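Chain IDs A, B, C and D follow the sequence of writing; residue 1 opens each chain.
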Amino acid sequence: MYYFARLARSIEERLVLLFRQSKVVGGLYRSLGQEGESVATAYALEKTDAILPLIRNMGALTTMGVRPREIFLQYMARAESNSRGRDLNIHIVNLPREGAQAPVIVGPISMLGDSIPVAAGIAMGARMRSIRKPLVAMAWIGDGATSTGAFHEGMNFAAVQKAPLVVIAEDNKYAYSTPIAKQMAIARIDERAAAYGIPHEMVDGNDMLAVYDVAKRMVDRARAGEGASLVGVDTMRMQGHAQHDDARYVPKAMLDEWSRKDPITRFRDWLVERAVGTPQDLDDIDDMCKTYAAEEAGLAEESPMPDPATVSRGVYAGDDFAQPAIEFVKSPFSTP
Amino acid sequence: MAVITYLEAIRQALFDEMARDERVFVLGEDVGVYGGAFKVTEGLQARFGEGRVIDTPISETAIVGAAIGASYMGMRPVAEVQFIDFIACCFDMLTNFAATSRYRNGAAVPIVVRGPCGGGVSGGPFHSRNPESFFLNTPGLKMVEPSTAYDAKGLLKAAIRDDDPVLYFEHKYLYRRIKDDVPDEDYVVPLGKAIVRREGTDVSIVTFGAMVHTALDAAAQLAEAGVQAEVVDLRSLAPLDRDAILETVSKTSRVILLHEATRTGGIGGELAAIIAEEAFGYLDAPVTRVASLDTPVPYAPPLEAAFLPKVEDVVSAAKRLVRY
Amino acid sequence: MYYFARLARSIEERLVLLFRQSKVVGGLYRSLGQEGESVATAYALEKTDAILPLIRNMGALTTMGVRPREIFLQYMARAESNSRGRDLNIHIVNLPREGAQAPVIVGPISMLGDSIPVAAGIAMGARMRSIRKPLVAMAWIGDGATSTGAFHEGMNFAAVQKAPLVVIAEDNKYAYSTPIAKQMAIARIDERAAAYGIPHEMVDGNDMLAVYDVAKRMVDRARAGEGASLVGVDTMRMQGHAQHDDARYVPKAMLDEWSRKDPITRFRDWLVERAVGTPQDLDDIDDMCKTYAAEEAGLAEESPMPDPATVSRGVYAGDDFAQPAIEFVKSPFSTP
Amino acid sequence: MAVITYLEAIRQALFDEMARDERVFVLGEDVGVYGGAFKVTEGLQARFGEGRVIDTPISETAIVGAAIGASYMGMRPVAEVQFIDFIACCFDMLTNFAATSRYRNGAAVPIVVRGPCGGGVSGGPFHSRNPESFFLNTPGLKMVEPSTAYDAKGLLKAAIRDDDPVLYFEHKYLYRRIKDDVPDEDYVVPLGKAIVRREGTDVSIVTFGAMVHTALDAAAQLAEAGVQAEVVDLRSLAPLDRDAILETVSKTSRVILLHEATRTGGIGGELAAIIAEEAFGYLDAPVTRVASLDTPVPYAPPLEAAFLPKVEDVVSAAKRLVRY
């Protein structure tokens, strides 16, 4: 888990450099401070389960083995990216292919909340097709996005259908500039689930072990056919909504307090205490992630921009214009 | 061969496709135990079980969203919108998620979203609309609307087998009012192909859905007046059959665009543009739209009658054109 | 309250006759068995508050003093109806007019759930304008309609804004043919409100006094500026969704059980026990309601159908085509 | 008089109207403390307080629904949709509730729903759309889209004072790219009135929004080639200024309909129909649409450049027409 979280952060740090060189097309959204929960929740899944991440779930992608190059290709809108430069950042899709043992990945569309009904359908569809039986779907949703009608309809339908779906609701204190108090009148985001009659728990999102523990329990019950559930994670968005946003609306004291709770540092300290790894081992991993991210970014830069001649291809079926499949990599560390 | 209603033809298509392909399933409000508000899905749950005929909560966005998700996993969902007016409640999911999925990531969305459209039954402002033009400006969607029982069955089978999201509009006025011969054996009516319902040389009436019958009545009256009208039934609204449209215009040089949706912003505009751009040289008279008045759909019978396009409207428009 | 409930039932019974004579245009929706909760909730309001009823809240209209003729005019799509025959059944609207002390009434549009965000806006708007300060808005919503995204967005916004809104969620066991178990995975409909952090209570919807009691408390707190709340009423739809629906999907035993709990009969028995009224008094009221409904229906029948020449009028402002105002009547009985 | 940006003009209109009329208030996502994603509402909350500049949850349907309710109580709400693409999430509330209210019950809905539309900034499929034709078939709604700072301010003031629901589309590409003279004193640009941006005799280019500038560049190039193009800026998309459209066609007999929305089902269809119906006699050449390609809006700059209508496209279309 340490590696996946580190890698996520290294990828984003590399993206910041590319952004400064204006090689990133459009906006760049950081998950700084939230890498822990993204990784620890996805870590509770099988490598063949389904994920529906949002823009801040880079850690879910590294954990499921998405090759970093894929992410750089997307952010730089290159021809070899999964969307062939047609859609933004981590808007990537990987559907079940004959034989392939890869995870199902359905990246977001920008309309917040829409991924929840789709996640319910993926969970139900997999159950009907008995694909990789039993498949569990995991979807992440921001505090702000839980206010959308699509979230409500999708959660309620998943609950009634007892769909094998685990939803991770991220209270990172803000939706763009809007503080959570203007978003909902409940104290704990997981109470959103009370309206659907499904199990829900709140967890310290910056404590990776605690997050993994809750997520694993919810994933297990989903796989056992006990239906949908929601995990509320208490965390903090440590930067602006995107690079253009200096987030001056966030109280400094709040950031200071949360910076002391950085999930990666906390997990690192725990590993050292428990002597699971020495500081040296962990520094090595850090360096490895930095180098790996740099290499992958370099490879991605070699990919050309899309050919304008292809712009009209693939709107409908019947034209053989296929999108490149996502490449997955094994982690250098054995994963249970 | 058997003579069946438009509604029964739709039911048979669902039944046949579910029997033919285990990936096909139906979801929507009251489609199961009750068999649908109009009984289109009657008997399906008894035959195929609750697992494949799913009664949903009142959640159009969840219905379509779940259909998209299930289709990603290899299923072939057919979602019912109880009255097509409520498709407005899943406009986002259809136009932003379903329509763009293939273009963005090469992820096919083989779903069908079907429901009863149209007026003439005192349904009022919220149970009578014709929504085709809401979706016409969104590439990635397909749309069809049958005017006969034969097409109702053949188009629905084609829509279910199609690899793109298809909106299937069934005109509720036709459900039990029209009957025609439908083969028992398997057949499809290909998407994107119009059909000439009546040959004529003097004026073309390009239309679809319930208005095809209005057009045919008008054509019959016109014949008595010595005017030979050609009636073209579009059947598919996206993609449009440009060849068929241009062919009839080149033949008659006079065209009436007839639709039940309100006039301004209706599909008649797109048809007029295609003709004005590509058949300008053939035209001997102005393109003429006959459509509903630019108001919400009124409820009281005398008001709705005044609102909807009538046979006389088509007849007088045709006479104006031939005199032009 | 007895009178208002009785009158509601008498109006609907008269509508059934008109329906059989096919003088009703389109469908007819009964509230049989639910008149009690509609009346008892609306009874908790001031006569100048705002209501957003749905098709089964005939009792809310009688309670707020809407003249029965208005309802017959609507159902028969007559020229003098509030919608001039342009919209169905109780889709009527009465907005604040200079000087007038009438209630604000915003009938439903068919798209279920949409009335909740509008209700939130009415409550917030009245507060901003300090109209009849402080005005309380009450909206009714069916079990099925609570599954819509619009319901969720409206409730959440009202909660965050502490809008003076009381929502009555009616668990009448079915949404058309769909049993509540297929609609939601919660045992009590009022738990929908747990997602919004607002007070919610469940009440026996066929016990008019209990309903009034809860509704009054919620209305009082709304008026006191304490914000939105939700009352869940446990009741039963005693007929099909509309006249065309024989409701054979409803277990006979269930209907029998509920018919023993008829809200009007129960209230009547209570009144007699407490000697608030003799059986004779109450029979007199019953007859009075029957006669009144019959008279009003007769008057409505005298109204002509709309003139087709007016069909295009009043789509936009600037054309002086005005809709007739709703007529209100005082109840023959003094109301506290 | 002061030279200000298109964005500043919108901000000033909001500021002036809120100062002028206490019933006017603003609601939307991040419009308060942050001043809006594009800073259009910057400074409003500081000046008018949290009560009149309301930060909402992410709930477009609630935003528009609450605006309708507040307008019923006499307020004049101006709702912001952070990117106009998200208007798809309140399509139902707008087309079914807001649009029909006056017709059904004589209940006015004086609201404005505004937001940034359009492409050219690598926004991708979900931050670049032009939604006018989604709404063109719904009577009861009005729509405007300014192309200059002067109109941006004048049209927004007119929209806020109008007694019907108005959709106000602001093209994000123009926000900071164009500046022009705007009076300090109060003025409005009336709804429903187009304006001729450049006089010409050989061909008409009927357009609006950011495409007005594309059209003017094309007209300049055409002038060098000896072709005098007239550029008509519609400004209002509903209701359309039929007289202005017919007048320019009667003058030049050749017309290009230019819009940024994708071609099929775009507003060009309605314009073509009006012309084909009412100006047929004047036309010397086919009506010609220049619009974006029929695909979702692609993200990568080379793709988006190929997708959007370009000056050259207009120039060559014009040359084809004059040669016809």
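What we mean here is this: a contact is a pair of C-beta atoms (placed from the backbone, for glycine too) under 8 Å apart; a residue touches a chain by one contact, two chains touch by 3 or more.
From a predicted model like this one, the values you see are computed outputs, not experimental measurements.
A.B. asks: Looking at C-alpha means, what's the farthest chain from chain D?
C.D. replies: Taking each chain's C-alpha mean as its centre, the farthest from chain D is C.
A.B. asks: Can you check which chain pair, C-D or B-C, has more C-beta pairs in contact?
C.D. replies: Higher C-beta contact count between the two pairs: C-D.
A.B. asks: Roughly how far is chain B from chain D, centre to centre by C-alpha average, rounded to an integer in Å?
C.D. replies: About 30 Å, centre to centre.
A.B. asks: For chain A and chain C, what's the span in angstrom between their mean Cα positions?
C.D. replies: 45
A.B. asks: Indicate the whole-number Å distance between the mean C-alpha point of chain C and the mean C-alpha point of chain D.
C.D. replies: 40
A.B. asks: Measuring from the mean C-alpha position of chain B to the mean C-alpha position of chain C, what distance in angstrom results?
C.D. replies: Averaging C-alpha atoms per chain gives centres 36 Å apart.
A.B. asks: Residue numbers in chain C touching 2 or more other chains?
C.D. replies: Answer for chain C, listing residues that touch two or more other chains: 83, 86-87, 91, 109-111, 147-150, 153, 156-157, 160, 182-184, 315.
A.B. asks: Multi-chain contacts in chain B: which residues touch at least two other chains?
C.D. replies: 56-57, 59, 61-62, 85-86, 88-89, 92, 96, 100, 103-104, 125-126, 139-140, 294-296
A.B. asks: Given the complex with chain A, which residues does chain B contribute to the contact?
C.D. replies: Result: residues 23, 25, 51-52, 54, 56-57, 59-75, 77, 92-93, 96-97, 100-108, 139-140, 142, 162-164, 239 of chain B touch chain A.
A.B. asks: In their shared complex, at which residues does chain A touch chain D?
C.D. replies: Against chain D, the touching part of chain A is residues 25-26, 77-78, 83, 85-88, 91, 109-113, 144-145, 147-150, 175-178, 182-184, 249, 305-312, 315.
A.B. asks: Would you pull the chain B residues touching chain C in the complex into a rising list?
C.D. replies: Its residues touching chain C are 29-30, 33-34, 37, 55-59, 61-62, 83, 85-86, 88-89, 122-127, 293-296, 298-303, 305-307.
A.B. asks: Along chain B, where are the residues that touch chain D in the complex?
C.D. replies: Contact set of chain B toward chain D: 85-86, 88-89, 91-92, 95-96, 99-100, 103-104, 125-126, 133-140, 238, 257, 261-262, 264-273, 275-278, 280-281, 283, 285-289, 294-296.
A.B. asks: With touch defined as at the start, can you tell me which chain C residues reach chain A in the complex?
C.D. replies: Of all residues in chain C, those touching chain A are 147-153, 156-157, 159-160, 162, 181-187, 191-198.
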